[in-house]
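Here is the structure we will look at, set down as structure tokens.
Going by the order they are written in, the chains are A, B, C and D; count residues from 1 in each one.
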Amino acid sequence: MNTEVTRQVAALRDTVARLHRELTRYDLVAWTSGNVSARVPGQELMVIKPSGVDYDDLTAETMVVCDLNGTVVDGTSPSSDTAAHAYVYRAMPEVGGVVHTHSGYATAWAARGEAIPCWLTAQADEFGGEIPIGPFALIGGDDIGKGIVSTLSGHRSPAVLMRNHGVFTIGKDARAAVKAAVMCEDVARTAHLARALGQPVPIAPADIDSLYDRYQNVYGQRPPAH
Amino acid sequence: MNTEVTRQVAALRDTVARLHRELTRYDLVAWTSGNVSARVPGQELMVIKPSGVDYDDLTAETMVVCDLNGTVVDGTSPSSDTAAHAYVYRAMPEVGGVVHTHSGYATAWAARGEAIPCWLTAQADEFGGEIPIGPFALIGGDDIGKGIVSTLSGHRSPAVLMRNHGVFTIGKDARAAVKAAVMCEDVARTAHLARALGQPVPIAPADIDSLYDRYQNVYGQRPPAH
Amino acid sequence: MNTEVTRQVAALRDTVARLHRELTRYDLVAWTSGNVSARVPGQELMVIKPSGVDYDDLTAETMVVCDLNGTVVDGTSPSSDTAAHAYVYRAMPEVGGVVHTHSGYATAWAARGEAIPCWLTAQADEFGGEIPIGPFALIGGDDIGKGIVSTLSGHRSPAVLMRNHGVFTIGKDARAAVKAAVMCEDVARTAHLARALGQPVPIAPADIDSLYDRYQNVYGQRPPAH
Amino acid sequence: MNTEVTRQVAALRDTVARLHRELTRYDLVAWTSGNVSARVPGQELMVIKPSGVDYDDLTAETMVVCDLNGTVVDGTSPSSDTAAHAYVYRAMPEVGGVVHTHSGYATAWAARGEAIPCWLTAQADEFGGEIPIGPFALIGGDDIGKGIVSTLSGHRSPAVLMRNHGVFTIGKDARAAVKAAVMCEDVARTAHLARALGQPVPIAPADIDSLYDRYQNVYGQRPPAH
């Protein structure tokens, strides 16, 4: 690697290691069951969590660098979900970050094979409508990656509920994918609680469109006008 | 601003920044989804959370000062809910603090469009009866503010469940509004759990009145008798 | 007070202040809604939480000393539940500690007016069978105290679910009452979850008796045999 | 004991004391209700939690060393569940660690006497299928131990739900048993949430076999190839 790529990789190792703290802060993971990765911009490389390592022990140094076929370039055994992350980066060039969790409420929808209907303005904002269900897929090849990509391609939602399995989210960078994972569990929980006692009120499709458009375009800190 | 107003604003920046910690302590918010504001007493000014900033990064300095039309007087982009806060301050001169959250149990009632019936003495104490439902309203104009004000005007409850959206609470100051937000989620949760397994017992209206009156007038530390 | 009583009161102020941390650790309370007290052994005195003070701000010094009619002997306004604590100490001389919470799962059973059936060996151990329901009672006189005492007198359970209100627990000292409050919420939660998906299996009364007897007599660290 | 055994025991005291932190971190226990033990490899000895001691006060020094009949060799009163741990070590020589909890969601399944069906790939990975129910058994003799051993012998699952009681897990060492206890509650919770709103989709037995085989053989950090 040249100096600039070395610098980028070092920064992403730190970012990816730190972002795992959001998974534990929001109780999205148990033991070592979730993982975050980031694409190295402009390179055929990604930075990902090592396999089976405690969240407390994750540091920039323990992160693993792989190529986009999941082959280790620098580090120990990468997450057992590396093939799925790699497939997403190969198939979706606009994606800069991928997150995987088994967060409980979202995974409960996944276990029933049910998409989460859009009953909340926060879901319209972040997901642009329902959070879709992906297929059942076994680990060990490209099946999970294919299921993620076929479900999310052309869909507004940055999250997919893989049937009987858990959540994969994507984003322009790793932080955006982590945010989508946090919000996915939050709306999955509220939607669960809402339906547990009756029938939630749907939001009109035009209102969902309006909310999604505004949120994607005007929310958050804007760069100062020039 | 004159010196006294400058001092008031500085104190409220600190208070508002700190009160956001109660939102995270009680798990009322995910990512950057809730906000607290305070009116600057006697001024056409309010202090509010900046937009899209992590709770860990909130400091007195990052708070935004706006006029009561939501125009920034000092700071960066204010919360995307600023228009709603500002509308409440313009319409309800007795209100000194406003809080907004998507806390899960309360928002589940909001997603079904159901007010929370008064099954708990703690709810009678703080809310004086049911916690009402406000209308569905899109963000971006005064619709949310109007829905809050029309629902809470003349109502005992300092909390409104905006349909498909979340909770807004008001108080004589920001701390009182935060307390209402914490108690709203607490009673929303207990009421949910109670009804999940059967039919809760109603509290007689006269008993609700008695509880509300006592709590509003005698609870808490009193100034020493003179 | 003589020196020995002064020493006892100082120690109990510290104990009672610290025990409130268990209420927040186990999420039994929101804002300032629960309280712990201890009888001063051999005296007509009790130590109790001040009214409306944040849990973070509780110290030995802020605790309030009252007589057993609830009149303040040393300190500021005591908990608004002081009359109920005092009534219990007057009526039940074997009780050395009282705790009150609105913990969510237990209060949900209270809102339905349902005792918690004994489906768990941990409940048989600590409560000796079902956790009973007490009457609806308004705050402000002796009604709550009378309801607690009439329900718990001659009952094995150290916890009562006061209808539409919350939990009161008793113990030989404040720590035992806090333990009962923690275990009450724990079994209320598990019993709720169990019944939410079907009909739990009852435990035979003779087995409940056997579990209760063993737990009350042999559990925990024993003093060394002499 | 010879020097090597003394060293092993000292290391296990530290390991067992520390592993209890995972029980509190994942909210698997209330007050003093769960316990971890480890077999001393090659010896007729085990290290176990003392009875009725707060988790905050557990240190390597407070751990109790017992023989495999549960008789104390070094320390104070051991956990009241010592007889069950000891029975497992006597009957299952491959087991190096045992954990017991009353974690809420798993114990709710136990209260209904229902095994947890395999609806999640994470459950297939760790448990190889359903998590089975063991018999109702009273504490105080070998009945609990016999129930654990008869249920888990020849079963893939390292966890058993003892009816009306709670969870026992086993592992090659104490850390593996703790992991099984954490994952048991995690899958019990997600399975509960999934079934609460409908019928989860089963995973085909051949897929469960495939997931279990892969996870047991290739997950986690591998020693470097030589």
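Keep in mind that, in the parts below, a residue touches a chain if its C-beta (ideal position, glycine included) is under 8 Å from a C-beta of that chain, and two chains touch if they have at least 3 such contacts.
All values derive from a computational prediction rather than experimental measurement.
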{"item": "Joint neighbours of chain B and chain A, given as chain labels", "value": "none"}
{"item": "Centroid-based (C-alpha) most distant chain relative to chain B", "value": "D"}
{"item": "Chain copies touching (chain C, chain D) - same or different residues, decided at half shared", "value": "different"}
{"item": "Chain A on chain D, rotation in degrees - Cα superposition, rounded to nearest 5", "value": "90"}
{"item": "Interchain centroid distance [CA atoms averaged], chain B/chain C, Å", "value": "31"}
{"item": "Averaged-CA centre spacing for the pair chain D and chain B, given as whole angstrom", "value": "45"}
{"item": "Residue numbers of chain B (touch at least two other chains)", "value": "196"}
{"item": "Complex contact set, residues of chain C against chain B", "value": "30-31, 33, 50-53, 76-77, 80, 102, 104-105, 107-109, 111-114, 136, 138-140, 163-166, 192, 195-196"}
{"item": "Chain C residues touching chain D - in the complex, by the definition given at the top", "value": "26, 119-122, 179, 182-183, 185-186, 189-191, 193-194, 196-201, 203, 207, 210-211, 214, 218-222"}
